[in-house]
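Shared chain: chain A. Partners: chain B in the first complex, chain C in the second.
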Partner chain A sequence: MSNPNKYRLRRTMMFLNCQKPGLIKDPYVYKPDSIMLDLEDAVAEREKDAARYSLYHALKEIDYRGVERVVRINGLDTDLWREDIRCAVAGGCDSIRIPKTETADDVRTVEYAIAEAEREFRRPEGSVLIMAALESARGVINAMSICDSSERLFGIALSGGDYSKDLQVSISGTGVEFMGARQHMIIAARAAKVQCFDTVWTNLDDMEGFRKEVETIHAMGFDGKSIVNPRQIPIVHKIYTPKEKEIIFAEKVIKEIDEKKAQGIGVFTVDGKMIDIAFYDGAKRTIALAKASGVYKGDL
Partner chain B sequence: MKILKSAVAGTLESSDCMVTVEPGSNGIEFDLESAVIRQYGKQIRKVTLETLGRLGVRNAKVHMVDKGALDCTIKARVECACMRASEHEGRINWGGVIR
Partner chain C sequence: MINAVGREIPDEILEITGKEPFQGNYYRDDVPMTKIGPTIRPVMNNQKSKLVANIREALIKCEAHDGMTVSFHHHFRDGDLIVNMVMKEIHDMGLKDITICATSLGKAHAPLVPMIEDGTITGIESSGVRGAIGEAISQGKLKKLAIMRSHGGRVRALTTGESHVDIAFIGAPTSDDYGNLRGIGGKADCGVLSYAIVDGNHADYCVAITDCLVPYPNFPAHIAQTKVDYVCVVDEIGIPSKIASGAAKPTTDQRKLLMAQYCTDVVVNTPWFKEGFSYQTGVGGASIASTQYLAEIMRERNIHMGFGVGGLTKAMCQLLDDGMARVLLDVQDFDLDAVKNLKNVNHHRIPAGVYANPLNKGAVVNKLDYVVLASLEVDVHFNCNVVVGSDGMITGAQGGHPDTAQGAKCAIVICPLMQGRIPAICTDVTTVTTPGESIDVVVTDYGVAVNPARPDILEALKAADCVPLKTIEELRDIAYSIVGKPEKVEFEDRVVGIIEARDGTIIDVVRQIKEI
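And then the complex of A and B:
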């Protein structure tokens, strides 16, 4: 079971309340990589049913123009999540986001329900991917086993609001309270070869703080960030666009490694830097990002 | 599907519609308020009646206030109001009566 979308580009994942038709009718105009159609926290308790009908028809009838459609289901501690999955899978979603994930078993439980729904609604097995939101100290501690829990799992995401409550701290805006979780999660994700996404930035009056935070998580290795407002999208995409110098270097690395490999040479230098096969995947990722950002003009 | 009580779904926000469904005895009695009734009134009526037909609603009073809803939103609101009015519980027939 191999899904070609598992490693797609996900720099921005924009949250949208399924209960609001005005929000879910045309978010593709802002060009996020993914949208997060929310059935959980954003939807009032008495509107959970209405949100599902809106979600189903939006998935069926709106052309999201290649933007990935992720559905955040309600928590496994509710009686809502099973029907959420049936609705999302029947509608044709690309992925399911599990909130408040604490263990690998949480992922397997959802995976089983997704597989059942795929059979019921005649979708190919494995067509629906999973991402897990870690929202508690226990979830973060279990990041490694969660990352390894399912072939469908494409990534994990930090959910800062609930995590900071569990940690008994407040969100400072400096990121100090998330340092340990971020570092732990990115290491676990990389070890398991899945993606890692950062939490939302909710202070829309402080876009400079937002920009600094995106620079930090980009430097840490995160694949992208959760977004609550379209104004945040171009800032993230700009920071994730490789610089010309990086693209030229990545091109040289790929070409040299391909060439030297054929000659049986393992270690060599490019622009004065010692290079070996360990640089290959990173260079490939830089070129892929450059292509996705529309700035690559080379022939790789 | 039998409409057992009055129920509402939707809002008066832009791109939405508010649908009120009540028990009736004279077939479907549909009443529409919309700023774009001249351009889209026929289409809104068509989508609403088709949705009610799929749900098997034969008798009901249906009042809709449209605020520029797309067809997919009209279907979703009509279905939700009818499900609430019929006191439906349990699994939903996605891809069957809901489509």
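And then the complex of A and C:
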């Protein structure tokens, strides 16, 4: 089972409350890479049914124009999550986000329910991917096993609000309280070859702070960031847009590796730098980012 | 008869009004015409006082009578107290069959509705009508045809005598006892009196109403003593907080910001964006945001605006203060910052006629490179509707829309694809108020459409690859695919109003709404 969407570009994943149909009707105009249709915390307890109803019909009726549709289900400690999954899979969602993931078993439990729903609603096996939100110290510590838990799992995401409470700290805006978790999670994700996403920034009056945080997590290697407002999208995308010299270099690396491989050469130099096959995926990613950002005009 | 935008103008309406159907934007270009002057009473006696005790005395001295036309300006916007004050007096005097010739009427004037119902007011001429009066007209309560005309069109109508004002009432933040009027220095400053200047020139009688009498001479006068017959001092002429209703916080609505960004991208990637370009924009959230985005790029590229014009806001005045705009030409102030900014020596007041009258020897709008406008509806022919809501009810104003759209080299309309569940981009607008030939670019949240009549703009935007380009038909189809194709609003046969094109021809009619 291999889902071609597993490694798609996910620089921005925008939270949208399924309780508000006006929000979920056309978020694609803001051009996020993914949207996260939330059935969990944003939805009032007594509105869970209504939110599922809106979600189902939105997924069925609306052409999201290529934007990935991730559904955040309610926690496994509730009696809501199974129906959330049925509803999301029946509607045609691309992925399920598991909140408060603490162990690999959590992922496997959800995977089983997804597979059942795929059969029930006659969707191809493996068509629905999974991402896991790590919201506790235990979840973060178990990042490696969670990343390895399922072929469907495309990535893990830090959920800073709950995590900071569990860590008994407050969110400072400097990121100091997330240092360990971020570093640990990105290493685990890379080791398991899955993606890693950073937590939301909720202070919309401090867009400069947001920009700095995105620069930090970009430098750390995160694949993208969860966002709460469309204003944040262009900032993230700009930071994730490769610079012209990076694009030129990546282009050369890809072309040279393809050429040298045919000639049986493994190691060579590009612009004075030693290059081997290990650079290939990174260069491909740079070109993919450049294409998504609309700055690539080449032929790769 | 079918006019140049495909609208049927009933022969009966052409006959009653003596007007022609719209024939295209340049129908009256270079065609000789004669101006009409008012009948005035010269003041030679130096003992005569122009001060009157109250509005009743002014009305009596001005020979108020049944069937007369009175005029007002809308510089006090939603804070205006003058129209209701004067009309109450006219109503109390038992006068009937009055026509109001206003530069605009808004929500503040809802108290006029009972006067429409009892026959005090039987005619309305305005750039538009918002609120309860619009509903009353659409419901067929006004006896005569309502006439909607643009700001420039109104000056034209008074200048040619198509419209004749018996008594003009000009609210003035300050006046001296001899009728030198200024838009500043009082309790309810509106900055400029631009829309009322034509009334001073063409009404038979002119009454200044002020709540701040100042020593003679109140100079430099924005309307001079030579135009004013009487001065009436009242307690209050306007509510300052409602005058400056444009003073909104910058929008955080991402949909508006998105359209503002597209709009700015259009401006900066078309050929007229160069040193000395000219620009007009409105007061909406997207317009103001677009001006702010534009300012950033002007700074980056060291490009300065030659002149900015129009109803002005803080965002435009900031450009002047920062040295990014050379001159501002002002016909209206939407916020107090714009009023205060009139102190800047390069911020000039201009009369509405200079701004937009199509039948003078060249209005300022003709020199515009860009204008950024809004619209309730835009159709696939690029016709705009800014007056009649999609429910068929009169709810908006032409203002300077048709004037600036025609004048500007690049007229951009910002319009969300859908207004709630109503597709704003549609096959046919409910009512044509600005012809499609004037509109060059339509910016929506779903993409940008360029009028096929402007291949130069389309090529420039394609080359820049800066905005998601769509055809106007594609935008309409997206809208219809989301909210469905709307059924046409049902109207009665009776025509309740006409929409004048700038030149006084009829571009469309408004019919009475059908009660469901």
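Basically, the second predicted complex is superposed on the first by the 300 of 300 C-alpha atoms of A that agree within 3 Å, B and C clash if a C-alpha of one lies under 4 Å from a C-alpha of the other, contacts with A are read in each partner's own complex, and residues count from 1 in each chain.
Definition applied: contacts are C-beta pairs under 8 Å (C-beta built on N, C-alpha and C of every residue); 3 or more make two chains touch, one makes a residue touch a chain.
This structure is a prediction, so every number in the text was calculated from the model and none was measured.
*Asks:* Following superposition onto chain A, is the placement of chain B relative to chain C best described as a clash or a fit?
*Replies:* Result for chain B and chain C: fit.
*Asks:* On the superposed three-chain arrangement, identify whether chain B or chain C touches more chain A residues.
*Replies:* The larger set of chain A residues in touch belongs to B.
*Asks:* Quick check for you: in the superposed arrangement, does A:Val29 touch first (chain B), second (chain C), both or neither?
*Replies:* A:Val29: touches chain C, not chain B.
*Asks:* Thinking of the overlay built on chain A, is A:Glu244 touched by chain B (first), by chain C (second), by both, or by neither?
*Replies:* neither
*Asks:* Examine A:Leu204 and indicate which partner it touches, taking first as chain B and second as chain C; both and neither are also allowed.
*Replies:* After superposing on A, A:Leu204 lies in contact with chain C but is clear of chain B.
*Asks:* Once the structures are superposed on A, label A:Asn229 by its partner contacts, choosing first (chain B), second (chain C), both or neither.
*Replies:* After superposing on A, A:Asn229 lies in contact with chain C but is clear of chain B.
*Asks:* Report for A:Pro21: first if it touches chain B alone, second if chain C alone, otherwise both or neither.
*Replies:* A:Pro21: touches chain B, not chain C.
*Asks:* Determine, under the contact definition given at the top, whether A:Tyr53 touches first (chain B), second (chain C), both, or neither.
*Replies:* In the superposition, A:Tyr53 touches chain B alone.
*Asks:* Given the overlay on chain A, how many degrees, to the nearest 10, lie between chain B and chain C at the CA centre of chain A?
*Replies:* 60
*Asks:* For the overlay built on chain A, what is the smallest gap between any CA atom of chain B and any CA atom of chain C, in Å?
*Replies:* 5
*Asks:* Would you tell me the residues on chain A in contact with chain B in one complex that are also in contact with chain C in the other?
*Replies:* 25, 62
*Asks:* Quick check on the complex: what are the chain C residues that touch chain A?
*Replies:* 252, 254-255, 257-258, 445-446, 465, 481-482
*Asks:* Would you pull the chain A residues touching chain B in the complex into a rising list?
*Replies:* So the residues of chain A touching chain B come out as 20-22, 25, 49-50, 52-54, 56-58, 60-62, 83, 86-87, 90-91, 121.
*Asks:* Per the contact definition, I'd like the list of chain B residues that touch chain A in the complex.
*Replies:* These residues of chain B touch chain A: 9-10, 13-16, 69-73, 75-77, 79-80, 83-84, 91-92, 94-95, 98-99.
*Asks:* Where on chain A is chain C touching in the complex?
*Replies:* 25-26, 29-30, 62-63, 204, 229-231, 294
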